[in-house]
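Please read the structure below before turning to the comments.
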């Protein structure tokens, strides 16, 4: 995949996710790995409207999160989290969305530090899961504006939970990833579907 | 109907159902009968994104679920359920969707093995129903990864419930069918509408 | 307005309402008055998919509900209700939709024969309402497959409730109307908005 | 920005907001400042369908809310509220939307005169907010048809609450603003997202 195809794919995904309510305002940030040694990422710029994202708003950063070119705009404030996930998981793409259901459930279950999603056929769409008899732990991190601390906390959490496919940040949204942008995008669809399903299931029967 | 028209109709329906949230991730599979003697089905390939489905991802299978041509990709894992429904009901098209409401209600009512949908005008859109004073039983099967067992269970259940127009699989989704793809698609719209209606009705008054 | 413009407007409205979930399956029927003396209506044919409605599926009927031309298809089974509303209210267009919220609330409030919608600014979009300090009664009729009886019941109810802008049929949907198709369409938007608002308001506080 | 670009931007925003359910019927009104000394606003005409808004339905008004040109149509009845906000806050654009969630919550919390939205990352999309550890007060005014009184009440309320980014009118909808139309539009997206999130959060746990 050439780099301009990467940029177009990121732009199309961002616009689609905005339309679906997963990246409203200037929320959400999306990246793909451009090179591994040394690490280079293509990532959405900070504070841009994802519904009108343009190729010029995709920046290239190094493994320390520094912008590599002289394009206007600065990398997303959460670039360090993307890098932490790429380094810990070997991911080829990282997506951070900000839906209503991930926001609501990240707060509702914050006291337990996460919650299980279990027994759903849709779980089979997650990489490596081959049966609905799977118990997926979805960790919840406390939110912070200190990105270095949050990136370190992310690495620690991923070290303790080597099998998770995503996590929530409290009242903030979801992170998931994949070996490439298509797999990461599929993980977003699947986890968002599961969040809405378990949220509505719980509303039908609170003690559930 | 020529076979290429069949393929185009399946592709258009799959993309539309993905857009409406009924076939997210790689979930959902859709088939139409191409020939009866011997049986041949056109069916969506396994593990493909329905939102970007292409004609090349529609495969042709025989009555044992084996792919008939050398196209890349393998038939959906649930092909045997499609065949079980075609054989038991004489259906011309079978649609398996995976919406939030079918997932939630398939779990909420699992203990009763199904539930009734009764007294709704929308029921008249189901083949052979001519009044809202109709009591539609929607059976729920336990989910399984053993497709031969699940297909056999489906046949048994359809034998005991000769009048149903669809059924749910627990935490998995819905199956419905019709004499052709248009009727099967109408049945999806109607059952999804009814599932959302009875789900929201129940949330307004839990003892309902 | 020429008659072909009328037909195009009905087709466009039907497709739009299908897309918005207000006329799924083959539900919903829509009419406009073509002539008054003697009465002639353009109305959607029975049992057609509103999402793919074509001009040829709009039929012309007389004041007794009989088709006037030799087009294939028969008029909607509910043509007599459209005529009852046109005659009682002098409406120029009648729209019958079938949304989830109208279905749910038509059942929830059936015991009271209707319910009030009161104090909402959106009420001002209804013809003749100039303040939010308005109390709109939304009557609910029991559903029936005897259209002559249901049309007579509609006339009686409209006689007793000369100020209503619409009504529900239990577990069936909503009827509203206007002096022309644009006003009737606006009434649908407004009443559907109010139904969802009062429904969600009630779910937040059941004793509300 | 030339004035015709202003008009096109207002038309596009209005149509988009109608599609998203934030300006149904003839609800909603939208303005941008065209000149400051003396004040001139471009504002949507009264009682027009935002889903089919045309450039000719954008009027120009002076600081007293009087139409400046001979275009047909009269300015929105709520023009005085737009002017009150422009004068009190120095806003360059004012947007009044009318969503289900703003309507429901404006009624649910009316007794407290408003409510806090606190701790959500999405708050950072509001102008001047740099951390999720922010407590946004969303005031609620009682609705009125006396626009001079409601405009005066708005000025008083904004005087007492110099840091708010928007407010609700009971059972009526939301007002927000920004230095230009893009910022005001972003504020709508963010506040609508937060309203749906806190509304659903509350439904999961009423004592919340």
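Think of it as A, B, C and D in the order they're written, each chain with its own count starting at 1.
Please note the rule applied: a contact is a pair of C-beta atoms (placed from the backbone, for glycine too) under 8 Å apart; a residue touches a chain by one contact, two chains touch by 3 or more.
None of these values were measured; they are calculated from a predicted model.
Peer 1: Taking shared residue numbers divided by all residue numbers at the interface, is the value for subunit C and subunit D over half (same) or under half (different)?
Peer 2: Copies use mostly different positions to touch.
Peer 1: Considering only mean CA positions as chain centres, point out the chain farthest from subunit A.
Peer 2: Of all chains, C has its centre farthest from that of subunit A.
Peer 1: Starting from the mean Cα coordinates of subunit B and subunit C, work out the distance between those two points in Å.
Peer 2: From the centre of subunit B to the centre of subunit C is 31 Å.
Peer 1: Between subunit B and subunit D, what's the gap in Å when you average each chain's C-alpha atoms?
Peer 2: Centre separation, subunit B to subunit D: 44 Å.
Peer 1: I need the residues of subunit A touching at least two other chains; which ones are they?
Peer 2: 203
Peer 1: Draw the chains as dots and join the ones that touch; what shape do you get: line, ring, star, complete or other?
Peer 2: ring
Peer 1: What are all the chain pairs that meet the touch criterion?
Peer 2: The complete list of chain pairs in contact reads A-B, A-D, B-C, C-D.
Peer 1: Please give the residue numbers of subunit D that touch subunit C in the complex, ascending.
Peer 2: Listed in rising order, the residues are 21, 24-27, 49, 98, 100-101, 103-104, 107-108, 143, 145, 169-173, 199, 202-203, 206.
Peer 1: Give the list of subunit D residues in touch with subunit A in this complex.
Peer 2: The contact residues of subunit D facing subunit A are 119-122, 125, 130-133, 182, 186, 189-190, 192-193, 196-197, 200-201, 203-205.
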